[in-house]
């Protein structure tokens, strides 16, 4: 039931906002309330209120039962149903969505976006579809939400984005749609072949083409090299909070798809194509890192670093072992939070300076301790300094992929070094040395409202740094993810 | 009929089966009458009301036919069939007609008001009859019936050159197509000696080349009406030139009628040749997808773009027919529902825009529309998404179902083509959204003011748009009930 | 049967159809295009009549009669259009009707 | 011997039919074209007669050659000199394509017919004298083909409305002019 | 045995960090300093308590693993947040918190008035916490975490003066080179996970000892660890960051880049001795690298003009000794040298800090001289430190360095002898560069600069560190908060060596041996021989330096090619620039310009253009000419009919 609720609340709020002609403040208020309600519902889900006499106890993520599920007949003719629910990692990804969503909406309110009714409605719609993606237990339903999230994104980028927004959004949507339409062909072929679209009960397929269709969609969405043509424009042109959602959460739909659609149902092709995919993922990691190193603007750096991170996560997924999978989930949550924080910070900097060009920035640490602290902390988590949650994720992933060849791990390790290079470059370009030409002398430090948006993200990251096992140890039913995954399709 | 001499046995007429047609004919007649006797100032109200009532009555009656007809029967020496396929198609067509009347209401024409609605209902009646045809003769006649009505409707704005051009082009090319269909019918008749669909199926001579050529010509003639490439060339010109309300009706209804009949003819009359025509239909589907989508990419006029889009949509629906299976049939019927609604709705929006700008609606003219008219803009958005096959609209499930049917039938490469075509189509469908929301309005303060400010809100058009949105979205949520209906409809087709 | 066999009728019908089609495709005067369309329809009619004779089945003749009516209807509409165009002082030349294209 | 006469008549009619058809398509003046079409229709009527379709032949002459063509001629007369249109012209490839396409279609049809000519198409049924008679036709129109009959009338009615609507000068036109 | 003290030790600096960060501007700068200092001393107390607890245990019981919770978990792989309390760890804890506490205290005086002082103390607390995590970590993963975090703290502190590009560049360089080490270490750990399935010390060491791992595996793992150690400890070939790191404030150099962090590599080798012992080649490589570094660094130090850089090269050189010791398996002595080095090198840095402080940030020894008269106390402690560094008895350095060299001698063989000779040569160099520095700074006539500051009205910036914060005039020897720590360290330098006196008592070595058994044991004779040679060579160096100073000559003539090579730091920076930095940048640019823009983005545009072109063609086919439509239809019918006939 909770799963449905989590999907419906933002969608309903979006409808309310669209339909009722309310003033700006009320609209924003409703949006924020809905976003907070989502967070509340999710947090409520972490604790199961019924089990213990004290009233609070951890939900048992290790159980084989799907949590908070609902299943209704929908398109029986083809064996499609409205089936939603959570296994551990889905719940974490959902949590990521609601948190980043709330911050994004908060940021929008803080900035005071034009045309608030349209805007908040669309963001809520996006959040709802994202939750839908992560809660899906039916292949077609997954696809439905997977596509539905493009609808708001198209307009969010295209209307509220930067100067190149239209080109960016067209490229983004058509590119990703091209990928996901290939997936539609695969969805059809797979579901019809199985006689059901249920992710839990359908068996395995050994058809390479169907497999590749799915992989194409997720490779575009993630994105993996060389399917990332949309990335730069979309991430740099979108409004910062949309970029945050885009790189932080939307890309995780690919993670979900790879873990829950591809791995369990295509064991044969996964085995056959593992080498290729690992090479692609490793290439993504290195390529993204190298390009991040030479980007001229903040968001460009974050964009390509996101790409690199997605390559890393993909490495973990296709390692298909415990370390790789748990690490991938952990890293997905980490990366979602950190890239959201980074994009929001980028937005705040851009708002102060009117540009994101690194050459025109600098010296912002002086007199702005809050900004400096947050940028530094976030930046350090971006570059995965040991001890940070991102480090743990990376370590786990690379340790996992080591099983398939030391080369991948070595490339990954090289990636870490390059990450250090671009991360430091970014931090320094923003904060250090002399005051940049575009930095107004009197531009203020972060204000309370802005802190309220970024600090929670960073705080969660720090908590995860101190206790990554909270996510990585509770991602899959059973105590061996690889076996669990193998069991789904078998 | 009783006046006929006793030597002639009076045929048993099933009035219920004919009732939707008759209701529309009656409405048409009333409108014509109204054109003469009702005073000028109330003529529009009268005619529109009558026409709308006629369409609603047709819907109600068709529903009744559907419920009363669990098994298909053929009537009057097999010249017509009363079955759920026809009934379902009639519900759809009459529904579209009713909405088209609502769209037409805001049309500020001064002359031929009564005739306008009379012809609209007459065309509706022709289609409603056409989908129930059971032999080649009723098929050809039904087709001519609504075609001729539509030729006139297209040219009805005799003060506009484009309307005349559209009318003449439609007439000439349409008659040319009819002639081919007719010649095909003659060939088929020649090869089998039969006109009835089921009789043709049972007749000998199936491998006769004459028969095959006849089949080819019949397919061509029907594809022409469905505006499938390469028989689509009239479509953009006519859609662009015709009065927009008429275009709305044509785009939604003609295609639906033509495709339903194509399905019926091919499946009931030519099952033996299925390996021949499935390939042909698949080829037509691919051609439609390719040509429709590519040409739509470079269109500036929205109606014209929608026309090409309708060509590509025909391609998708032909895929369902090519599947030659019961799920293909169901997929086609299901697909038609959101398609018809979205198509009608989209042209309705264009009509609204056209009326406030008083000039043809180009993509540029849509700039800023979404912000100026939020509800219309949102509706247009929904329709574009439906065309593009985005989820949360029936268009998505329609495509999905079509692909599923095709895949089941082994047409995997058709699925791939369909998928690629969809990817291309996104560019122009989303281009409309792009114009509506992402470009500054070029209208406010300039042309709009010249046109006398924005026209008063048109509740009829609004209702039509709202109904279309409801159908587009509703068909997504309630897919299974619709598919159940479609399953009933195709149950007796001999797959 | 007296005279030539049915296939000969059909050959004539076919040729006639081709002539009509060529007329539609070659001529620029809408009037002559309409006339050519009539020829095409009549070709079909001839085929129907021939086949009716072949099978001794009157359906074909009925069809031919119905087609005559249809042809007449098309002519009426077509002529109406031509008149309307003439009234609008438009060139009676199908090649000049290229306002709608692309 | 009757056969020979019939053959001659048939050949004459068919020749006239095709010749006048070509004339319709080729003549420059629409007036002459229309007149040729009358000849064409009349010769078709002869062919119909030979194919035991008396009523159809009669209808052909009365309805077609009579009513329809009169209307044609009337319109041509109404248009006067404006009816004279350029003969053909246009792109060269178009003319070539038109001829090639028509000929190809023709060849296909004839080839197909030739395949069937030996078997099914070659042997027509014996028919009664009443075959094609007005009575038979009328009976069928009122029984089996009742719907066709009714629809024909509706189509004509619709066309009539159309003729009126299109032919009339409208207030919209006046408003625009 | 209670491990509460150890936990307190670990968490106190963290608490200090959080307190300073959380309080923000609500506390004064001075309060921030106190919080940091107190927190580190609390940690020291915890360490002392732990030491007492440990001593109370039986020798065989002196090892406790304490797990707070499962920190990381993936499938069946688990790593706890756990600390290991054993003699080795406690030794390091004591050094880190003890020396650290003194230095933080010192900083309060040194940094007074600097911009963003709170940030400095927060970073210092962070560093101490990270270092403690490193040395207390109960498994390899946590050790790697601490390893990385000290790198972070080092980065932050080197770049503390973030408005100076040189500081930022140095900070970045340090971080990246350390990241390289982290990466190789991580690779080693991956291999461990793959082969052993866990990163807990116990099982891993057992596997290494019992030969459960193949030679290749052990060698690779050891190489990975060595990579980390070399990077962190600034040994050749990953040494280039350390001199640049002197851009950081002097207390930072003292704490991080002399006393604690840079010696972590030695700690790592001792900690993971079983792995290295299973891969003797790698261990010997460590020793060899140490020997090479100690010579190279000593030589480079001869041509440096920056007071801190000289000491920094001396640090590298001394760590070379430690590596040498650890490499031949004399863990106890390596650690011993680590401890004494912490004392005297911290002392030297802090004393240098007093000088710099006094001269308002001037670091160039060419502009110094004669400071002895103005800073007598500093002169004294600097002398103590220098003598300890050269290894003159009975100062700390004498005991520890000679023990290391004796162990090399005891190892014997070609390797042992080479190492031994290198080490001895090193002592000569040590004497040379140390006293070159000492005389230049303190002896001779006061330089104009010194006079200026002595007069107390120097008022122009010198462009070096702290320029922003300090009004420039002589500070004298600074406040008590600076002098007390310096004094304490001088005292430790004087007596620290007595922890372990060869032939009389070897307390320290035994203590460490409880964790890491030594592989070699020098005889008393070897000890004495070594001491004799080392002291003689050191003294010779000293005297040579004195002579050169008096003669006013450079030790290495500025015109010689040798000078050039040394001044260019043996071309390592140029080499890395040419080998890695520039190719990487070029690759990035090339990828951007040759792949990303033309191929990835370009292909999209190309597809778009092509599609548009095709679309234009299709649309042009729609001529608007009625007759073409008819032709198209006819043609299509013809084709369709052909298809039908063919398919049939």
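By letter and in written order, the chains are A, B, C, D and E; residue numbering begins at 1 in each of them.
Just so we're on the same page, contacts are C-beta pairs under 8 Å (C-beta built on N, C-alpha and C of every residue); 3 or more make two chains touch, one makes a residue touch a chain.
These figures come from a predicted structure and were not determined experimentally.
Note on connectivity: the fewest steps through touching chains from subunit D to subunit E is 1. Taking the definition of touch as given, a chain qualifies here only if it contacts subunit A and subunit C alike; those chains are B, E.
Among all pairs of chains, C-D has the largest number of C-beta pairs in contact.
Look at the CA centroids: the one farthest from the centroid of subunit D belongs to E.
Farthest chain from subunit B (centres taken as the mean of C-alpha atoms): E. Subunit C has its Cα centroid 26 Å from the Cα centroid of subunit B. Remark: subunit A and subunit B have CA centroids separated by 43 Å (rounded to whole angstrom). Averaged Cα coordinates give subunit B a centre that lies 78 Å from the centre of subunit E.
Separating the centre of subunit A from that of subunit D, both taken as means of CA atoms, is a distance of 70 Å. For subunit B, the set of residues that touch two or more other chains comprises 137, 141, 144, 148, 151-152, 155, 158-159, 167-169, 172, 176, 187, 190, 209, 212-213, 236-237, 298-299, 427. Of all residues in subunit E, those that touch two or more other chains are 619, 622, 624-628, 630-631, 634-635, 637, 641, 645.
Screening every pair of chains for touch gives A-B, A-E, B-C, B-D, B-E, C-D, C-E, D-E.
Those residues of subunit E that touch subunit C in the complex are listed here as 619-620, 622-627, 630-631, 634. The touching residues of subunit B, when paired with subunit A in their complex, are 327, 330, 371, 374, 378, 385, 390-392, 396-397, 399-401, 403-404, 407-408, 412, 415-416, 419-420, 422-423, 426-427, 430, 433-434, 437-438, 479-480, 483-484, 487.
Chain contact summary for the complex, subunit E toward subunit A: residues 21, 24-25, 69-78, 116, 119, 130, 133, 141, 144-149, 151-152, 155-156, 159, 162-165, 168, 171-172, 175-176, 179-180, 182-184, 186-187, 189-191, 193-194, 584-585, 587-589, 591-592, 595-596, 599-601, 603-604. Subunit C meets subunit D in the complex at residues 1-12, 14-23, 25-32, 34-36, 38-39, 42, 45-46, 49-50, 52-56, 58-59, 61-66, 68-77, 79-84, 86-88, 92-93, 95. By the touch rule above, subunit E contacts subunit B in their complex via residues 611-612, 614-616, 618-619, 622, 624, 626, 628-630, 632-633, 635-637, 640-641, 643-645, 647-648.
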